[in-house]
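One structure coming up, written as structure tokens, with questions to follow.
Going by the order they are written in, the chains are A, B, C and D; count residues from 1 in each one.
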Amino acid sequence: MTLPFDVDVVRADFPILETEVDGHPLVYLDSGATSQKPRAVLDAERDFLSRANAAVHRGAHTLAAEATELFEDARVTVAEFVGAEPEQIVWASGATGGLNLVAGSLGYAGRLREGDEIVVTEAEHHANLIPWQELARRTGARLRHIPVREDGTLDMDAADSLIGARTKVLAFPHVSNVLGIVNPVADLVARAQAVGALTVLDACQSAPHLALDLPASGVDLAVFSGHKVYGPYGIGALWGRDEVLDALPPFTTGGSMITTVTLDEAEYLPPPQRFEAGTQPVSQAVGFAAALRWLGAQDLAAAHAHEAALERRMREGLRSIPGIRLLGDTDAAERVALQAFAVEGVHAHDVGQFLDSRGVAVRVGHHCAQPLHRRFGLTASVRASAAIHTTADEVDTFLDAVSGVRSFFGAEVAA
Amino acid sequence: MSGLDALYQELILDHAKNRRGFGLDEPGAHSATVHQRNPICGDEITLRVTTEDDRVASVTWEGAGCSISQASASMLVALLREDGGDDGMPLPDAQALIERFREALRSRGKIPLDEETFGDASALSGVSKYTARVKCAMLAWVALEEGLRQA
Amino acid sequence: MTLPFDVDVVRADFPILETEVDGHPLVYLDSGATSQKPRAVLDAERDFLSRANAAVHRGAHTLAAEATELFEDARVTVAEFVGAEPEQIVWASGATGGLNLVAGSLGYAGRLREGDEIVVTEAEHHANLIPWQELARRTGARLRHIPVREDGTLDMDAADSLIGARTKVLAFPHVSNVLGIVNPVADLVARAQAVGALTVLDACQSAPHLALDLPASGVDLAVFSGHKVYGPYGIGALWGRDEVLDALPPFTTGGSMITTVTLDEAEYLPPPQRFEAGTQPVSQAVGFAAALRWLGAQDLAAAHAHEAALERRMREGLRSIPGIRLLGDTDAAERVALQAFAVEGVHAHDVGQFLDSRGVAVRVGHHCAQPLHRRFGLTASVRASAAIHTTADEVDTFLDAVSGVRSFFGAEVAA
Amino acid sequence: MSGLDALYQELILDHAKNRRGFGLDEPGAHSATVHQRNPICGDEITLRVTTEDDRVASVTWEGAGCSISQASASMLVALLREDGGDDGMPLPDAQALIERFREALRSRGKIPLDEETFGDASALSGVSKYTARVKCAMLAWVALEEGLRQA
């Protein structure tokens, strides 16, 4: 059942949006860090734990059977959300867990060696950078980077010369968590496929905002986190093509991922179980599925249009405030409603504190993207990120607060 | 009949004790030996199928497991013997049978196994309500399916 | 505040115990697989998510500060539960996650090489076995096993000759999840310390039942899972001595565990953050702490006495039923209320199904301990495990049901 | 005074702009140079302390960060200069001062910084209510503590 899109109806589903901060209504513009959870998610988890909780895949009793079913149904829901088959969905603790699984497993498999190259972008979140640095260090492979241009888009000419016969892995963000720009997935995949490189998509910041069809995207593997898509912490999904997952050894080992174990040796189950050692985050899987079902019940076309309007309002508003520098300021690319910026003469931390005193919650710092900040000559920035429940009024409250920052801190306005 | 009695009908307990086709016979010219395992409960089966002229000439097996898995293997052998007669069941019929059996067992009690088609194995209808036990009942049938692919 | 122990009062805290199975009240004897959650845990998580949810260690806004505080307070609570300092507690996804972290990190650190030996027991859960198999395979080290005697205790004479100059790691369960026997931690630690081996304790099955003082135990590292101590899924704790954690490199990498990151290199924070890459299971940490506070508010001496009485009732009751074989049947060791057994002539799966029809939920199978089952000549067994909310009447219901198994399945009674 | 005004008192904004002791001087015979970093917001400080006869002879620093961290470093230098006089503050006094400052900042607003002891730095009292900012205010003080250990 699809509901007509009404942001006030959507907001009513989020208990936390009734919170006040310092006497101001909370304006939560930090969904890029973690999203808030609709009541449907809180209810699903609680209901599961009060009614059907039991260890899955391990018991014959009624509760265990029911829990197993709900758990596997959740996998089906997540798979449908990205257009995939349930056997292609591996539960991970989050995107970071999924990316470490991929990099670690490639390492254990001996799939990289000296002379090989791994290509990432300059716009990576540390989660899609450091695991590759470590893999490169361990295997002797070389890590290379597609530069980001001044306007925040990837330098695709550089990509052309970087991606070549030595490239074994190309990992990149669907949407950077600082720039909000949607990267050209098809173009990047085409270059990687031409040289037979494995592609890994970090879909953390796209999953909450864009319709995903991972099999159609051409990438080989993709990850995203539940807690950024209105779902619980402690769970995420790794998606992979059958033959790609089949070829990967386990990264972590333990119970529930084996067929036969002797004291000296173990045989492993096929994917996805091969990658799911130990007790899984069962209630979180149920909550994750509830989040995606909640989202799927909205009129998504209208929601996306709503978010696109917020994006323009936010960016144009910021542009019109003197002394603001936007990171990734381009009209040439598709974007999500997430914008990082610097305020001339005022440190990001102070900006954040000032906005907080007006009830506006934004993120300040390097947002786990130090190299990208360095590229723009910054150590920190302020990031506002909207969600499906954000209103135009909230964006205006935010913009109004930003307008007052420089005079409060006595920063001289540049000529 | 309580849920438990419906699940463990007399026929099932009987087949579990007097297992038809238990003990592997000598492989023939077109034989396949398949090993299947249910990693959750440790049930195992080794099943050998021999085909002749696109028919199932013989099925024998060995293994250990719960009464459902043991009975189901035994009932499968009985069914193939009865319906196949002296020549053995044509391969497409056997494949269709496995497919229908799977469908019924996965139906959560919605599709019963009719006695006409499934013989003694129709007593396994009750299993389909117990999702955790479906794999037990399927074990031998999946092994046969795999064996037919290889033989 | 300590409450006088009254099992009915305790039971009232667990919503799921009101469930009926097939018209019978649920008798949940599968706490060894996963524990049920008291209302305090459900409330703490929901309250956090509805009131204070935000990304921790990453924001300056009010919600983020509050979330960070609750998250770090949770670490303090977990630390106090095991007598440790908060900096010594690393969040892991569970015991499996923690053990893989330790084994993986030792591997990355190059701490093992050919000729070295890793010693475990024959009674391991796969989670404390396969990661060591993999480590041994990768490094050329040899994996050795302390045998289990017929009565379920460890063969300490064999341990004496196994643990020697080549031993680099000794990993063992505090309490086996099949035998319920408390292993002689001090004796094992003494042997390991004499040869300078690192000790790793799997405290999964002891944490819910015994008072733990990890620093005093002498072990170097220990793990346990939240979901087995009345807490949420998706979280567990790795405890380690300062100098031991200090010497370990990260196992997974990503956000929030770094100081400086360039495109080519990263510098890591000290423990515990060094091991906590990516968004942590924040609400689960809060729920985990709520579970331990809930438990700590009980009269634990009385609760332990209660569980000890259940243990005796269960074991003696089983002993008196013809055709029952207990795994680890000894009075010579301390135990927790967890008992695995086999029923002559009836497969464990069928036993479990029969008990389920009476509302009794037990675990059947190999309980992720195939080698131990093989040692007893079994592929599967039935395991009943009690918790603080289990009553003597429930144990009797269970025993009564077990008495009926063999006649239902027509198993001949041996002479 | 609103929460924000209490946090960002005039004195703080002034010190953040006119930073006392900014710019490292030449190291002496007993000098230590310490680098401290707040990994969360990227604030950094390099602080150099020179001691003479068990006294703090000079403290200078460089770094970038939010106004709280900058003002706090500047106020620390001002305090050491004022209270230390020409000879410089005795080391035990400086250590005690750092300890008391830490205690007050971690008190969540319960222990104020008195002006008599802390001079301009007493304006940082308001920070202790903002747990996320305590590290910013502590940065220079922790660097000095470390420097005194090394010098």
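Odds and ends about this structure:
FYI, contacts are C-beta pairs under 8 Å (C-beta built on N, C-alpha and C of every residue); 3 or more make two chains touch, one makes a residue touch a chain.
Being a predicted model, the structure only gives us computed values, none of them experimental.
On a Cα centroid basis, the chain most remote from chain C in this structure is D.
For the pair chain A and chain B, the distance between mean C-alpha positions equals 46 Å.
The centroid of the Cα atoms in chain B and the matching centroid in chain D are 79 Å apart. A separation of 38 Å divides the Cα centre of chain A from that of chain D. In chain A, the residues that reach two or more other chains under the touch definition are 22, 58-60, 64, 258, 260, 349, 353, 364-365, 370. Touching of two or more other chains is recorded for residues 40-41, 130, 133 of chain D.
Every pair of chains meeting the contact definition is listed here: A-B, A-C, A-D, B-C, C-D. Looking at the complex, you find that chain C touches chain D at residues 57-60, 64-65, 68-69, 258-260, 269.
Those residues of chain C that touch chain B in the shared complex are 22, 346-350, 353-354, 357, 364-366, 370, 373, 379-380, 408-410. Residues 37, 39-41, 130-133 of chain B are the ones that touch chain A when the two sit in their complex.
Residues 15-16, 19, 21-22, 26, 28, 30, 33-34, 36-37, 42, 45-46, 49-51, 53-55, 58-64, 93-97, 99-100, 104, 108, 122, 125-127, 129-131, 133-134, 138, 143, 145, 225, 227, 232-235, 252-256, 258, 260-266, 277-284, 349, 352-353, 355-356, 360-365, 367-368, 370-371, 374 of chain C are the ones that touch chain A when the two sit in their complex. Chain contact summary for the complex, chain D toward chain A: residues 2-4, 7-8, 13, 17, 40-44, 64-68, 130, 133, 136.
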